[in-house]
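Here the structure comes first, spelled out in structure tokens, and everything after it is commentary.
All chains are identified by letter, namely A, B, C and D, in their written order; residue positions are counted from 1 within each chain.
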Amino acid sequence: MTTPLHEEKVFKDPVHKYIYVQDQTIWDLINTKEFQRLRRIRQLGTCFLTFHGAEHSRFSHSLGVYEITRKIISQFERNAYVDWPKEERLLCLCAALLHDVGHGPFSHSIEKTFGTHHEQWSCRIVLGDTEVNQVLRRVSPTFPEQVAGVIAKTYTHEIVVSLVSSQLDADRMDYLLRDAYFTGVNYGTFDLERILRVMRPYQGHIVVKESGMHAVEDYLMSRYQMYWQVYFHPVTRSAEVILHKIFQRAKHLYDHNYSFRFMLPPLPSLFNQTLTVDEYYLLDEAFMQTALMQWSFEEDQTLADLCARFLQRRLFQYVTLERMDEGQVERLRVQMERLGVDPEYYLEIDFPSDLSYDVYRPGVHDEKLPILLLDAKDRLTEISRKSEIVRSISGIHMGKYHLYYPQEHILKHLSQLDPDLQKLFSK
Amino acid sequence: MTTPLHEEKVFKDPVHKYIYVQDQTIWDLINTKEFQRLRRIRQLGTCFLTFHGAEHSRFSHSLGVYEITRKIISQFERNAYVDWPKEERLLCLCAALLHDVGHGPFSHSIEKTFGTHHEQWSCRIVLGDTEVNQVLRRVSPTFPEQVAGVIAKTYTHEIVVSLVSSQLDADRMDYLLRDAYFTGVNYGTFDLERILRVMRPYQGHIVVKESGMHAVEDYLMSRYQMYWQVYFHPVTRSAEVILHKIFQRAKHLYDHNYSFRFMLPPLPSLFNQTLTVDEYYLLDEAFMQTALMQWSFEEDQTLADLCARFLQRRLFQYVTLERMDEGQVERLRVQMERLGVDPEYYLEIDFPSDLSYDVYRPGVHDEKLPILLLDAKDRLTEISRKSEIVRSISGIHMGKYHLYYPQEHILKHLSQLDPDLQKLFSK
Amino acid sequence: MTTPLHEEKVFKDPVHKYIYVQDQTIWDLINTKEFQRLRRIRQLGTCFLTFHGAEHSRFSHSLGVYEITRKIISQFERNAYVDWPKEERLLCLCAALLHDVGHGPFSHSIEKTFGTHHEQWSCRIVLGDTEVNQVLRRVSPTFPEQVAGVIAKTYTHEIVVSLVSSQLDADRMDYLLRDAYFTGVNYGTFDLERILRVMRPYQGHIVVKESGMHAVEDYLMSRYQMYWQVYFHPVTRSAEVILHKIFQRAKHLYDHNYSFRFMLPPLPSLFNQTLTVDEYYLLDEAFMQTALMQWSFEEDQTLADLCARFLQRRLFQYVTLERMDEGQVERLRVQMERLGVDPEYYLEIDFPSDLSYDVYRPGVHDEKLPILLLDAKDRLTEISRKSEIVRSISGIHMGKYHLYYPQEHILKHLSQLDPDLQKLFSK
Amino acid sequence: MTTPLHEEKVFKDPVHKYIYVQDQTIWDLINTKEFQRLRRIRQLGTCFLTFHGAEHSRFSHSLGVYEITRKIISQFERNAYVDWPKEERLLCLCAALLHDVGHGPFSHSIEKTFGTHHEQWSCRIVLGDTEVNQVLRRVSPTFPEQVAGVIAKTYTHEIVVSLVSSQLDADRMDYLLRDAYFTGVNYGTFDLERILRVMRPYQGHIVVKESGMHAVEDYLMSRYQMYWQVYFHPVTRSAEVILHKIFQRAKHLYDHNYSFRFMLPPLPSLFNQTLTVDEYYLLDEAFMQTALMQWSFEEDQTLADLCARFLQRRLFQYVTLERMDEGQVERLRVQMERLGVDPEYYLEIDFPSDLSYDVYRPGVHDEKLPILLLDAKDRLTEISRKSEIVRSISGIHMGKYHLYYPQEHILKHLSQLDPDLQKLFSK
């Protein structure tokens, strides 16, 4: 059971103007220490090194996802749509608010190195011995399981899952608007109010009135542009590469019993992959940056150098490869090694790819729920069948291969590389 | 000597759209480790606990101050104003960029407790053995001293100092716009382009054409509103109070040889007030937040509790006092002590005040350079003599006294307080 | 009786994003020919000659006033305030929508010359044999009288009148935001949502929670700035002066039986002050501009010249007078006449004044309802007693005298004027 | 010859913030009566009947096109690109400012009925006995011909023509931003500053650096969306249909010697297609609306009814046709006629189409200059070869057929139509 707040509370938000809290449960969840921890996790990881405005936290994004979900439901209730299961309101709001509560610092690099997964952590926090769990259990003993089910996309009512996680969900809508606002680019803007107005609950799905097709195209184009202009920006990727190398090096040293000058808990558990929920709470971005700073004074030169590079933004340079030439890369590795530059930590080939919008492929694992258009005769059609624009951005989009390397090392030794490699680096 | 960049470089900025870098010296300064460190210092300290969008760094603000200064100078040069000393261009730009380089984490509380001062640190970084100093010395051996002079406001040319530090300087103009943008309030907006267009170099001063008076009024009103709505917001102040109590408690423990579980360098030097420039580099907000997190597990219950409160945003509650009643406060202290709640760390009276716009009072110490209007007959008049609006917001503005306290402690014991105090807390 | 629309309708609006229509009566009113006529009346009269973006119509403003009123009432209903008379909802909405329906083209100049009054015309249209009246009568036979009463401010419930007409009414809030948007200045912006959130119905008044005082100050400052920067801009006034002279000349000619090449109905009735409601419908801005165009080919040189000036934006030049010197003006008149330039039509002294915010002066005629603050102890205080800012902009604000004249005529004869007048025109 | 203005002049503009005028010639052109006339021509014709904010004039758009051209050239000059022909600056600016000076009221409908063409009129005004021509001739005797050549796209330097008229010209860039601003939709927004930064003069063309491809995609998508969401909106088209029917009916009556109660000059010349430049000046939107108003009282019921419909926004209803069925339409015509509803004036099939972006097809008539990407190796590629997005929106885009008809007439007689037609109208 939840109770409405005596008086609606608001948060001032640059994206949605205000965020409205009307339920005691939502208010209590925001005030848990696990949710407050999201203030110490940046929404866009290393992106602030490319777009200096992108310093916003997962805290503000999570509130935004909640607010969009609240607006959608409020529209459904105002119009009294019969296909909307009114009793799921609080579940949707809680799942929207908490879906990212398990995010850690620099999620991509950490997850890649240590095999953690933020969605699993969200569920562990919801189900574990946490303040979040206590608040949820006050609604009902099984409520935490329901919330975790929505986050894990195993909850039986698709309509609830799709509000939080689908091709047109509150999560995506908030992050596009928010990331556009804070980076300062205007690719991510689309007409949120219009989209909310054309969404309908229909036979267990969230669908979109066909008359809103162009608004959805615009939203999908925003997403496409944000991926290529912001999220996959090569400078951001370069910082990701360095971070990954740092964790890889630190793990290597840890596994070889290197004696760190800074190895405070919960680092050992992170390295051993034995983190508890309590330890996970400690692992925020402030802690991780402090580790990087301390490690920049380690005796191990590779770790120290990589950490200093990250903190001082002396990132790797990159060249764009028209195509992947494994032989060429192998030669480069060999020659770098000969010159005393360890390719294990100073060379990376990166290949961004995104599924801007997936058509519906039933049965395919990890399928995102598609966008369905509802026409005047109540027929549903998957949007890419009607929109040439959507078809053109559907499916896997290939970026280009980028080769990342430390410019000053390569420049110093350029004449010692073979001619083909010299040419590669001398554009 | 500086050289122009072969190709102008830009930073995407949400406030100014783009920030343009045209000089090698500026580019090099931005890439120093001391300047990059500003990415790890929030512009608005604890304000993000009230306005969750306010997570922007001093890095972005410093770039903004530089950009506004660049625009002002560019306008002066385009119009070929004879009173503009063209040779001071690079000095102005460097001082604008670097004026905040000495800011540390949570400046207000740290400065209050440990007697540091960010302006002095800016000068120490400019003059010390730093990357910043090396870049500046490449311009000329005396250039670092000149830059430090402008920051310390001792440089002889008032016109240079006033661009960076006066009642209408690039610093204020950027922070009002930026803080408004990131908090999401719209009090801070004013017509920057208009103000830039009416600024003139004139006989050693920066003055404003009288026809621009209303635009300046609007700017001063923005400042007034931002102070009362954002900077002095009681929730922000509550967080400041707790931070100050934390540092006060930690210092007390340190002075009494308490054995901290976390006392990594440069903390001891901070406590001993012997920080070197090298150590200062380590003291960023990530480090300070990590200290707070670690201290939240200290055995000292006061320190641990205060730190947890800050991190989990369980701030002190406040009541507004119509006037200061010292006797009442003293009684409260005594009664709190009796109840086992140490008033030294759990009670604070706060009294915000601001000088929104000071009229010119020659000879008064720490005088900010006033805003002078230039009329059609080339006469200068201080703005408050012409504008009723400016007069109404001039001088010291009194806020109200707020009394901060931990709500749950007081509520628990409310019936044990004397009736007058019960009344105080029961509104 | 009104019925809710089967499906809510929306208008895309640049200021409020969307305008929501939920009642059949509102929908029907918008579709009357009298309301559609507002599309052919510019909101800001001659202001587009100064700010070229200011071409928006009273149609869009009227929708905006309706929308703000709708939002206020919706907030009152959502919070179930007991002091809100729910049964007045439709009356408020209709009066908000229709309060400007009687505006004619270039209202100020026409009203000044011909003694019409837009508020009276609004009432005549509401009460007369019109489509508007038919729609209103469908609600109830007395509903037109009620709507007219609110517009005329004679309706007995102050709370209804004050939503549409007071110091903080939907009319002012919309026009400040709208005029700022279309002119492109940003003086007129304030936090509408914040103000709506702090408004309360209270004992027959609309009041504002004291915690919202700064937001109201900001709104009043916006108004102050818009008056001086936009509405009283001397170029706009210059165009008004010319328009007034045109109508004055045309009336003079009409009264002297001049034979106009263009004197289509309803012009004769306008000149005779016998306009009927049916004729008034014809009198839109397109018609009036056509008259000006046709008159620019009249044989009467004064009328033709003034009309051509207006259409081709060859406005009068102006000088600012420090103070009014009647003797000087009289001398100017005499000397102009001697030079063959008729001062009756080619000279004007203009003196703008505004009551930015009037304090409450009970009993004073045409008193605007003041802004009352409601404090935590349910006491009401008029805002200027608490806010120094409001006091500083209260009362009559004096602009400066401007003297308008045709530059080329004066320049040609400058040497023939007396030395004092030469000096006046030669700054 | 032109001279720089002593002091730069500015216009406040909501889209570009300020518009800067630096040349006497530009200033003088703006002040001609032919250019001021553009204030009385709406930019978007009948679109304000769908989007009530779209009341902006061709005057503001023309200033905007000038300003964007000025910014592009200023960037070229600042970077001292050798491929930029500096001597063409003033020609570009004048052509940009004047390219729309020949637009008349409701251009589409009038041009369709009377065979006028706005581009030809622009040239006639530039070359005729006009104030515009006088100002241009002061630059040089052949300057008017040059300006007309650029407008007519016959000027020999492609680079000059392409600034004003190509797939990525100042005209399109301004109208997308401006129409988006005034309608309030946000489809039309794109990063103008970014696009300006990646434009380059190169071997006689204006090209775009390949790194700016995504920004150009975003611009083309904006254009695509604006066409379908705004310019081709069926309600706007419905108003166009009615206007066209009005002119068709009036011409029919005129050709049959109907005696109009309102047939002021220059209407007869318009009907006879003998308009002179002097007469064209009179033909503004105010005049045309006045004609519509007067005609709404004509004895001819068809003309009167159509005019009243337009002024009172009682537009035709529409049904969307999946495909064109000529037999069905013919049957409808016959049955309407039988019911006394003249299909000539009360029925229309409309089929909007747009070339969002044409690929380069050399030799094809009326070819728009394509967008060329310049890669790092100085190779030029037409953009659709590199961008899947551009390919997907290239070529002719088909809209749907819409059938427009007067709802009340059809509804009244619905039962008398054949079953197939009844079905058509009863969705």
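Operating definition for what follows: contacts are C-beta pairs under 8 Å (C-beta built on N, C-alpha and C of every residue); 3 or more make two chains touch, one makes a residue touch a chain.
Since this is a predicted model, take the numbers as computed values, not measurements.
K.L.:
Touching both chain A and chain D: give me those chains, sorted by label.
P.N.:
Per touch definition, common to chain A and chain D: B, C.
K.L.:
Interface check for copies chain B and chain C. Shared numbers divided by all numbers used: above half gives same, below half gives different; which is it?
P.N.:
same
K.L.:
Please compute the C-alpha centroid of chain A, do the same for chain B, then give the distance between them in whole Å.
P.N.:
Computed value for the inter-centroid distance: 32 Å.
K.L.:
Using mean C-alpha positions as chain centres, tell me how far chain B is from chain C in Å, no decimals.
P.N.:
About 43 Å separates the centre of chain B from that of chain C.
K.L.:
Can you compute the centre-to-centre distance for chain B and chain D, using the mean CA position of each chain? Integer Å is fine.
P.N.:
One centre to the other, that is 51 Å.
K.L.:
Where in chain A do residues touch two or more other chains at once?
P.N.:
Chain A, residues with two or more chain partners: 17, 185.
K.L.:
Which stretch or stretches of chain A touch chain D in the complex?
P.N.:
Within the complex, chain A touches chain D at residues 185-187, 189-191, 214, 217-218, 221, 224-225, 228-229, 376, 388-389, 391-393, 427.
K.L.:
Per the contact definition, I'd like the list of chain A residues that touch chain C in the complex.
P.N.:
Those in contact with chain C are residues 8, 10, 17-18, 79, 193, 197.
K.L.:
Report the residues of chain A in contact with chain B in the complex, numbered from low to high.
P.N.:
That would be residues 11-15, 17, 31-33, 36-37, 39-40, 48-49, 51-53, 55-57, 59-60, 63, 181-185, 262, 264, 282, 284-287, 289-290, 293-294, 308, 311-314 of chain A.
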